[in-house]
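Chain IDs A, B and C follow the sequence of writing; residue 1 opens each chain.
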Amino acid sequence: MPPNSRPGDAVFANVERVNAELFTLTYGAIVRQLLTDFEEVDEVNKQLDTMGYNIGIRLIDDFLAKANITRCSDFRETAETIAKVGFKMFLGVTGSVANWNADGTECSLILDDNPLVDFVELPETCQGLYYCNILCGVIRGALEMVSMRTEVKFVKDILRGDDAYEMRLKLLEQVPEEYPYKDDD
Amino acid sequence: MIGVGRTKQHVNVVDRPLGKGKVEVSLSAFSFLFSELVQYSQTRVDNIAELERRLEDAGAGVGLRTLELLCHREKGNRRETRLLGILSFVHSTVWKCLFGKVADSLEKGTEHEDEYMISEKELLVNRFISVPKDMGAFNCGAFVAGVVKGVLDGAGFPARVTAHFVAVEGQARPRTTILIKFAEEVLQREARLG
Amino acid sequence: MQQAVGAGPGSSTRMRCLYMFNRQGVCVHYHVWLRPLNALSRQEDQKLMFGLLFSLKSFTAKMDPVGGSKGQLGAAQLQGQGCSFHSFRTNTYKLSFMETPTGMKIVLVTDQKMGDLREALKHIYSNIYVEYVVKNPLYTPEMPFKCELFNLNLDNYVKNLT
């Protein structure tokens, strides 16, 4: 495939990059710390989602500043932008969007490949872990900052024996801007 | 990393070929992840020393695995056995792999025989940081100190490793020095090897 | 309350002050270069500025004669959406404004002869705020910030604006 044939490629080519192993191993260190701090795997899944959310509400500004995109006209375009530009710009991999519901508010984001999971094998004790759950939080946090309240969760995970990494993305509501102060305060 | 056209199926990690270390992610992705490690760690500690300790622990895990990875990939499953060899391995090979460049300098401490210093004008983890006054001498380089410690411990050179800001004349920003203080046994062994 | 605030060393004499408001209307950053006249307390001043921006933005959108956002007629706007103003000029100062899709409002007040600052505001957002505030590991999102690297780079950048 020629370079720049996909929208995210040019963006990724223009941002400063680091060796993915530093990223992968650092993520591994974070997951290990969480597994020590919270013994329950479910709790770790939750914590990863929260950490992702905290990242998402910051990362969105970097995305808007660097990705050179225009405002998405609808949620379909938003999902495509996450898959084709968002994943590529940050993780260097391109995702795809599939399985839309009838009213265009729910879809799947699919990754074949994902730099978070290199070197990873889930041990017996962590079978309930969604190792990449941080990604769900990132997407939820980022979208919330552009006025979309969403629900994001993993439905397939290669580490758990599935054939892809698949997140289900559901738009709950668009939140309009309101004057934040009451007249008398 | 497995090439295009592989079947989408989970292959046991030990059966997968080891990557060549050429795959990249954006610096932002790493910076945000690292920031969140710092933010999360702050919620689990009471003071700066504990915060640095947690970052060091996370770094040590990265260092140990980097050692295994690089010994396998770059050195045909051999590792350094001499002090200067391992220091130069950290300063060059490890740095190049993780941070994309050789470290700015590697020096021997002038006051103590067992001390060595690796310095970097702008450490990757300090690139975007402004440390508020109330956090004193806190240095995110503790993570990198942990990486160095992980490599050294894993290679049989136990050491105490710490990160420090050092003011540079004529520069607004200080550089970071990673101070390595080897355990006594390491120096004794080194002396025996002659 | 009057307090003379002089320009910092090396800063432009054309800059007056900068405000940054988050999507909740909290002033997360206020930077002053030259502002000898302070009629209000800091808090009142910031709230008034936010109210001015908010109202002006909705008034300008309501008065839009051709209206790019027909479907949204009567509906509340999403942050950063629709038509908005980017500056106004009085006989003594110029106010330049931008809003990001994340709802951050950036306001740069300068002398009245200053040129178009739209690109400059974009630069401040993309290359200074995002780099040295958003990516600062010690910055708490949504909270007022004090970042040495942000100030350093901002001061340096605005020096040459015309």
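Throughout what follows, a contact is a pair of C-beta atoms (placed from the backbone, for glycine too) under 8 Å apart; a residue touches a chain by one contact, two chains touch by 3 or more.
Please read all numbers here as calculations on a predicted model, not as lab measurements.
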item	value
Two chains sharing the most C-beta contacts	A-B
Identity of the most central chain, Cα criterion	A
Subunit B and subunit C, separation of their C-alpha mean positions in angstrom	40
Intercentroid distance (Cα basis), subunit B paired with subunit A, Å	27
In subunit A, residues with contacts to at least two other chains	54, 58, 62, 66
Residue numbers of subunit B (touch at least two other chains)	28, 32, 34-35, 39
Contacts with 2+ other chains: residues of subunit C	135
In the complex with subunit B, residue positions of subunit A that touch it	12, 15-23, 25-30, 32-33, 37, 51, 54-55, 58-59, 62, 66, 89-92, 112-113, 115, 118-121, 158-159, 161-164
In the complex, subunit A residues that touch subunit C	54, 57-58, 60-62, 64-66, 71, 145-147, 174-181
Residues on subunit B engaged by subunit A in the complex (per definition of touch)	1, 8-10, 12-14, 19, 21, 23-30, 32-37, 39-40, 44, 54, 57-59, 61-62, 65-66, 69, 97-100, 124
Interfacial residue positions of subunit C with respect to subunit B in the complex	131-132, 135-140, 146-150, 152
Touching residues (chain side subunit C, partner subunit A) in the complex	23-25, 47, 50-51, 54, 75-81, 100-104, 125-127, 129-130, 134-135, 141-142
